[in-house]
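Just below sit the structures, each encoded as structure tokens.
The following pair of complexes shares a single chain, chain A, combined with chain B in the former and chain C in the latter.
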Partner chain A sequence: MKSLFATLALTTALTFPGLATARPVTLTTTLNNYGGDGAYLALYVTDASGAYVGSLWMAGGKSKYYEHLSDWYRATGGDTAQVNGITGASVGAGRTLEITLDLADALFDAGYTLHIDAAVEDMRDSPNEVAVPLTTDGAGTPVRGRRYVASFAYDM
Partner chain B sequence: MIRALHRWPGLLALALVTILSMSGAALSVFPAAERLAAPQVEAGLTVATLADRIQAAYPGVEQIRRSPSGRITAYWFDQGTPGAAVINPATGEGVALADPNQTLRWLTNLHRSLFLGDGGRIAMATGALAMLVLSLSGAALIARRAGGWRRWFAPLRGPLAARLHVGIARIAVIGLVLSSTTALWMTASTFDLLPDGGAAPAFPAEVSGQTGVAFDQMALLTDTPVAELRELSFPYSSDAADVFTLKTNGGTGYLDQGSGALLAWADLSGWERVSETIYMLHTGQGAAMLGLVLGLMALGVPVIGATGVLIWLVGRRGRPRIRGNQPASRAETILLVGSEGGSTWGFAATLHAALSQAGQSVHVGPMSGFAPKRYARAQRIILLAATYGDRAAPASAKGFLDRLNALEHTPDAPLAVLGFGDRSFPAYCGYARTVAEVAAAKGWPELMPLDMIDRQSPQDFARWGRVLGDALGIELDLSHEPVLPKSQTLTLVSRRDYGAEVQAPTAILRFALPRVSLWQRLTGGGFARFLAGDLIGILPEGSAVPRLYSLASGSRDGFIEIVVKKHVGGLCSGQLTALEPGDTVTGFLRRNPGFRPGRSRAPLILIGAGTGIGPLAGFIRSNRSGRPVHLFFGMRDPDSDFFYGEEFPVWKEEGRVTRLVTAVSRGARPHYVQDALRGEATQVAELIRNGARVMVCGGRDMAAGVADALVEILAPAGLTPAVLKAEGRYVEDVY
Partner chain C sequence: MNNTLTVFALAALLPIGAALADDDDCSVPRNQWQPREAAMQVAEQNGWTVRDFEIDDGCYEIEGRDSSGRKIEVKLDPATLQVIEMEYEDDDDRGGARNPAPAGTAQPPENGLFENGASPQVQVK
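Take a look at the complex of A and B:
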């Protein structure tokens, strides 16, 4: 279990009202068989105005390729400090990435959106592959991505 | 040192380097194929026009990319379905699928990481490092062997494996150095060890808020030719705050989707440019021709690797294995070997074993590795030195005397020198004598006086061992059985007899070439490859000591030929001259690299008498290039012992020999070959002044007479045979 508590507070310098209350959330991302090398995925949150709030996970270890996750890169300026400690391996075609983190209650039903940017070597960059509003009602409902993500769901 | 730096990385990394080079060679084809298949861009096409065409064909276009090969790919969404295609820039329409080539992907992953992720990347980078070390150490070895960097492409000698190894390596090394250094750079870049990351400009805070500008209103796009394009990303259709992102060979910028204005721009950094150039040099993407050349050079690696292993194996076999060899820094006894053909190593192994058994710690090494500073615990130093040619250092002692002469102080540990040679040669153990003299002159303390072993005599060696044992205060019993080269059975195919009338019965014996195995062909073993002037060792029945004869033929002639005179009571010559076609003898080949005409075009003066004509006739027979050859041939009676008398007119006709001068010793006025030389003094001097090479073969007295004659002949020109010898232009094969 990864604690996003400290991470979000540290990396975004944003404080949420009622941050003390948080719950474990499981994010499940399954990729389709797109026929390429492992995909880089950036999972991050924006607020109601579309402004970047913080990163949840970075699948892919080589920062020199982060520029292909273009929305995330643009929002963070490619700042690797944003994903310090929450970085894992890239995700192969057809594979599933499952991560569980403590997410602040305040992130739900408050206009926040979870985004996934995806990129694969020698294939199209897919910023905004997935964009789902974070709501308690929406939990457990899988959504399709635009190009690489076969299904994405968050469960509480 | 350099050799060790070449050998061990080579053997350890062989598999890795082979995979790297083979996959690299296969990958090198792809950029060229892509270059050929990519639809051509019309001259002067701008990014604006291209984007306009593509958007007309695919309204949902999101991104346009141009690869270094010139191939243009577009990515779009059509009612939520992603699409991608290779674009014909003339129409904006897709012409081929844009999916990655699965073979290319497989090969790429094998090449860079063995499908093992980061661990595999590091392994392959280690392979690239090994390739670099091998290339550089190999280049140093080639230069050293050829005698300097300027003689890089000097003709190659030796067994097939060695010629293949160096012949391919000296061309491929350029590509291998380039490929391995760029590989290391790319690995460092992948692992973020280099500051060559992309520097995108800051995203503009203010945009016009408008959308829908036409491409031809965007100044930067109308100014940028397609050849400069790398990537054009379109804004999200629903987001008025988004922008166009343009990447070119010069940098990255953002363009307003309402006004078309350039909002921000960042040039490529110097590091990025360097890294991109290196990427191009390594992959051939954007330099397809170079990629193909590098791929071709990489193809040589498996051959270089396999022949390298062969060379190493053969070299190991040439020396006996020395069990329990101590490091030089810890040994009490340092045993250094100067060996040409390898037999002295056998004696060293026997001595090492006996001393070790007596409780000594002994280090055995070549004399060329003489490094007194390392002999920290040495109490004695023993040299076992053969002689090469007259007085020259044998192969494993090259450079020893220079190092000894350069020493300020000789080691404190006392020295014993044991020479190996053949008493029938005037310079018996000449090199060992020289070494002992130099050591004494430098004040090196003596453990034992110089001693010598005649013709690998086990008795001599055992006697010397007892003296050494006395000096050390131990019982030393050296029983050495010399190992002879593996001999082969040779079948006589024909014989021609001469000289019976002049009491010198002589036969030219021609043997069939024995069957040569592939292994022998590769390693140059057995009778796979030999030249006239090399030696054949014949083991007569009833004796273990071989007799050596000069060969009158090379392997290219397709037979083995020697000229043998029957000596009174001679065991071997008696058996040989009694052979009839179909009979067999056993023999082995021994190289004689010091007695070869060489490949130069300079005139040759060949001087021989009696059976000494053998190798000289062989040189003439193999002179296919019409090199000027002047032969001085001494015989007893032209009607009886004019060896090769039938061939000479033919050889002259074919231009293999320019001039034949004979000297006849029987008759009213005895005339010897040195007299014939004097008779032609003017021409001989003229030839030598113009660079001619002199080769003498025959009995010792004749050779001495020839040398005296040459002293007289050359004096007016201010030259001496000694000077010619030092220049390698006067060589003798004397018996």
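Take a look at the complex of A and C:
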């Protein structure tokens, strides 16, 4: 029983790194002028082994389009419960999506990666549009996406 | 899940060529497209009530109801007007493919990323 409890405590700590301390982080995603409808964006985190940890934000409210965010969709099986309460409108071309949240300290410098999948109606899907390791050194350094994201940065 | 099964079941009924297509996208050059009126005629012939007509993934997409009143979403090849995909959206008794709860109407998921379960602050500029 004791070892069961220890195992539970360990797995809980690993599963919920947020139980430790957190810091306010701003995620800034600016889209380029790709000349199309609003983009669906899935922001999510994977761990050092590449396994899906959880979602941070979903821009775009219609679940029927989520299959086009194909990496996110594959990781979650399209489970909308993953983005309950963290879903907003799609983001127009040239606009900037700014998300501020308390992100668990344990996510930094520990092999976690923040991903953005992007999709635009009638345009090419762009899974893994952005993939940036979460490190304290990398904060504030903008990176370019592959197709729709002109720049992405996390600041703290 | 029921939706997925319905799609698979319907895909099995489609002609082999359509069933073997890579995905549900269309890639027909614009000059081969039939006018949207022709697509609306297909809808009428099938007894569909059209609520929304748009272009998605290069296909004509019709949202509405079939002749028995079930909610449908149908993708048509814009050149041949054949059905590429037909999805029933009523998803048994739960009223359609469920969209996630918008921010502000539910707590963020307990995935360990949101400290104290606080919702993120979001703005689009």
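Structure notes:
By our rule, the second predicted complex is superposed on the first by the 139 of 156 C-alpha atoms of A that agree within 3 Å, B and C clash if a C-alpha of one lies under 4 Å from a C-alpha of the other, contacts with A are read in each partner's own complex, and residues count from 1 in each chain.
The rule is simple: a residue touches a chain if its C-beta (ideal position, glycine included) is under 8 Å from a C-beta of that chain, and two chains touch if they have at least 3 such contacts.
Values in this document were obtained by computation on a predicted structure and should not be read as measured data.
After superposition on chain A, the partners chain B and chain C are seen to clash. Once chain A of one complex is fitted onto chain A of the other, the partner contacts of A:45 are limited to chain C, with no touch recorded for chain B. Touch criterion met: A:86 reaches chain C, while chain B stays clear of it.
In the superposition on chain A, A:122 makes contact with both chain B and chain C. The larger set of touched chain A residues comes from C, when the choice is between chain B and chain C. Once the two complexes are laid over each other on the shared chain, residue contacts for A:95 go to chain C alone; chain B is not touched. Once the two complexes are laid over each other on the shared chain, residue contacts for A:107 go to chain C alone; chain B is not touched.
In the superposition on chain A, contact is made by A:61 with both chain B and chain C.
Once both structures are laid onto chain A, the chain B stretch out of 183-191, 309-317 or 687-695 that overlaps chain C is 183-191.
In the superposition on the C-alpha atoms of chain A, the part of chain A touched by chain B in one complex and by chain C in the other spans residues 61-64, 89, 121-122.
In the complex of the two chains, the chain B residues touching chain A come out as 62-63, 75, 77, 80, 82, 84, 99-100, 102, 105, 109, 117-118, 189-192, 196-198, 200, 202-203, 233, 236, 245. Chain contact summary for the complex, chain A toward chain B: residues 35-37, 61-64, 67, 70, 73-74, 77-78, 89, 121-126, 128, 146-147.
Residues 55-58, 73, 87, 97-116, 118-125 of chain C are the ones touching chain A in the complex. Chain A contributes residues 15-19, 21-22, 45, 53-58, 61-64, 80-89, 91-92, 95-104, 107, 121-122 to its touches with chain C in the complex.
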